[in-house]
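Both complexes below contain subunit A, partnered by subunit B and then by subunit C.
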Partner chain A sequence: MTVAIYEVFRRERAGAAMQHAGSVAAPDERFAEIYAREQYGRRGESDALWLVRRDAVHEIADFVDEFDLKYRRVDGYSIKERLKEARERAGTAAPADR
Partner chain B sequence: MATDVRTEEFLAQVQSGGVVETGDWMPDEYRKRVTKFVEMHANSELMGVLPERDWILRAPTLQRKLALTAKIQDEVGHAQLLYRVVEDLGKPREACLDDLIAGRSKFHNVFHYPTKTWGDVGVIAWLVDAAAIISQKALLKCSYAPYARIMRKICWEESFHILHGRDVILTLVTGTDGQRELVQEAIDRWWEPLMMFHGNPIPPEDDPMVHWRIKSQANEEARQQFLEGYVPQVWELGLTLPDPKLRRTDDGVWEYTEPDWDRLMAVVSGNGPASAERLAFRRLSRAEADWVSRTVLAEAA
Partner chain C sequence: MTERVDLLLAVADDELILGWRNSEWTGIAPFLEEDVAFSSIAQNEIGHARALYELVARELGTDADAVAFDREPHEYRSAPLVELRRLEWARTIARHWLYETADAIRLESLKASDDTELAGIAAKIDREEVYHRIHAEMWIDRLLASPEGRPRLEEALDELWPYALGVLDGELRPELVDRVGAKLDRTLPDVEPVPRGRHEAELAELLEEMTSVRRSAPAGARW
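And now, the complex of A and B:
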């Protein structure tokens, strides 16, 4: 005699990404479907729903950058100073100033 | 208020716009306050359908009966979503319902009053929902993110309810003298509870709910926004409001007769004109529906 929590994901329209919408508590999948349809679909606001039992979700929430992998990110590159130097050597100005 | 380093850090984080998720560490005081607040909101949605339920069979047309039923379904749905938020904070829904029917927890002041006529139903759907949506929109910025996300859906549905309420009111004020009188009498009855709706004017710096950024709007700010938005809408229909002091000053602040805050406290503590009747009905419906949940859970086991 237990109630499980089902996470509800909702797609607003075809082509959009599934987004987490909320959760429903239900004794089984049939009830979970009825509740999810009522809560997240009765005004035509969803094109599709996914129901996933909460205990089936594998969550990852720690993203430690142990080796400072900043060359994978845009903040790993500082262009401004070197571009300035390159322009000075070439004797040119920034495109907008021409 | 904050006593240890972890709490200080948490407070600094929420005060600077940080958000909290269900699994995150949070100080006990924060958990207690969010739980109590969302639980009261859930209770209010659940109790708020009772004054309207009384009118499903008496609504004037089939269309109105259907619209009212849909609004009630929305609100029970809000209660279920909100009780889910409370459950994830650690308090089971059954415990919330036990506390509600035993009178150990609160629900909003406006649901402690009777609905005498169809005019009351219109005023509730229009002005009570308008007052509610002002608070609810401010709660979209709540530091407790699961609650803020649910508020997005609730606000979206409430905007239908206000339109439904306005439609009822406009139909009545463009009808017979008797229908118009029905609206005026209902407004006269509901004005005091509406003025109490946003709570006593506690300064935001003294409000622990603002301190933890559970609320981002001071009570008086919400009431001023309500007056600014809706008093002109009432007046433009040729209706009056039962407060001789009510006026907008040159600098845009609304003045009004100070409501009796002790009376508000008495009402929300279960001493309003319809409190006992509403709680008795909720107790009865819980007892009568008990076999349904027992059957469903037994079959699913």
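And now, the complex of A and C:
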């Protein structure tokens, strides 16, 4: 039996983002659906699943940075600190929901 | 024993015994995904049995575990179809599909019952059985479409057909003949059903194993 790999994405509750949950091997979409239901949905842990055949996924895995363009990265740049300073300058308090 | 208890036990015992039989595949099913799915189906069946045993227990003034485990083999009301130990995949799938098809017909009739409690629980069970039927059907379609699978499945279906008829009462059997015949696109042999009430030798063995933990702690155990 030839099987295809289906990547499974799971949503915990309505409105949440889909997250990669794992994969199932199945001979066709009907089997994949049942297997995904049983593996990723039988304990009430999912509100929705997406099944995507692995060969339908377009992968990008080459990221060049020949000239070391560090300034495009934000490592070490503390947004929190900058915001605090800006608020002090403007004399306003942080929003209550933060 | 009332007619109601008798009916509830027939359905509950079928689900418990088949749940047990299907769980015998846990760890050794043909591939991992099927192992998980088939084990999950087995657990569902046992869950259905428990819900029905609770209704029986209430009528008999006992508890569900006592109803499920403390009877003698001849007191079980299960159909011989579910008692057979057929640890071979073509036969397992054939039995699974025949049982689910018969069970669907039985649940339809229970859902129309005047006994609203029974009709309600049948509807609840049926909502899970939908997925068992999808699982069984997809396997049947797959095997029927395969030159190697079809003859093995057909052989298993012929062997189990008299047992499948025995799951249902006489008036529901013609519907099973129609549904199974339509899927296989052939006329099924006109055979004598293997009726409920008779038991296969394998049942005693199964009960011996299934009740061993309970018998080892007669005072009851807490988990």
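Here, the second predicted complex is superposed on the first by the 63 of 98 C-alpha atoms of A that agree within 3 Å, B and C clash if a C-alpha of one lies under 4 Å from a C-alpha of the other, contacts with A are read in each partner's own complex, and residues count from 1 in each chain.
One rule holds for everything that comes next: a residue touches a chain if its C-beta (ideal position, glycine included) is under 8 Å from a C-beta of that chain, and two chains touch if they have at least 3 such contacts.
Everything numeric in this text was worked out from a predicted model, so none of it was measured.
Student: In the superposed model built on subunit A, check whether subunit B and subunit C fit or clash.
Tutor: Superposition result for subunit B and subunit C: clash.
Student: Which partner does A:Pro27 contact after superposing on A: first (subunit B), second (subunit C), both, neither?
Tutor: both
Student: Is A:Arg37 contacted by the first partner subunit B, the second partner subunit C, both or neither?
Tutor: second
Student: Which holds for A:Ala90: it touches subunit B only (first), subunit C only (second), both, or neither?
Tutor: In the superposed model, A:Ala90 contacts neither subunit B nor subunit C.
Student: Have a look at where A:Val64 lands relative to subunit B and subunit C in the superposition and call it first, second, both or neither.
Tutor: A:Val64 contacts neither subunit B nor subunit C.
Student: Go through the superposed model and pick first if A:Thr2 touches only subunit B, second if only subunit C, both, or neither.
Tutor: first
Student: Shared contact residues on subunit A, subunit B side and subunit C side combined as an intersection?
Tutor: On subunit A, the overlap between the subunit B and subunit C contacts is residues 3, 24-25, 27-28, 31, 35, 38-39.
Student: With touch defined as at the start, can you tell me which subunit C residues reach subunit A in the complex?
Tutor: 31-34, 36-37, 40-41, 131, 134-135, 138, 142
Student: For subunit A, which residues count as touching subunit B in their complex?
Tutor: 1-3, 5, 21-25, 27-28, 31, 35, 38-39, 43, 61
Student: Please name which positions on subunit B make contact with subunit A in the complex.
Tutor: 23, 73, 77, 80-81, 84, 87-88, 93, 149-150, 153, 157, 296-301
Student: Name, in rising order, each residue of subunit A that touches subunit C in their complex.
Tutor: Subunit A residues touching subunit C: 3, 24-28, 30-31, 34-35, 37-39, 42.
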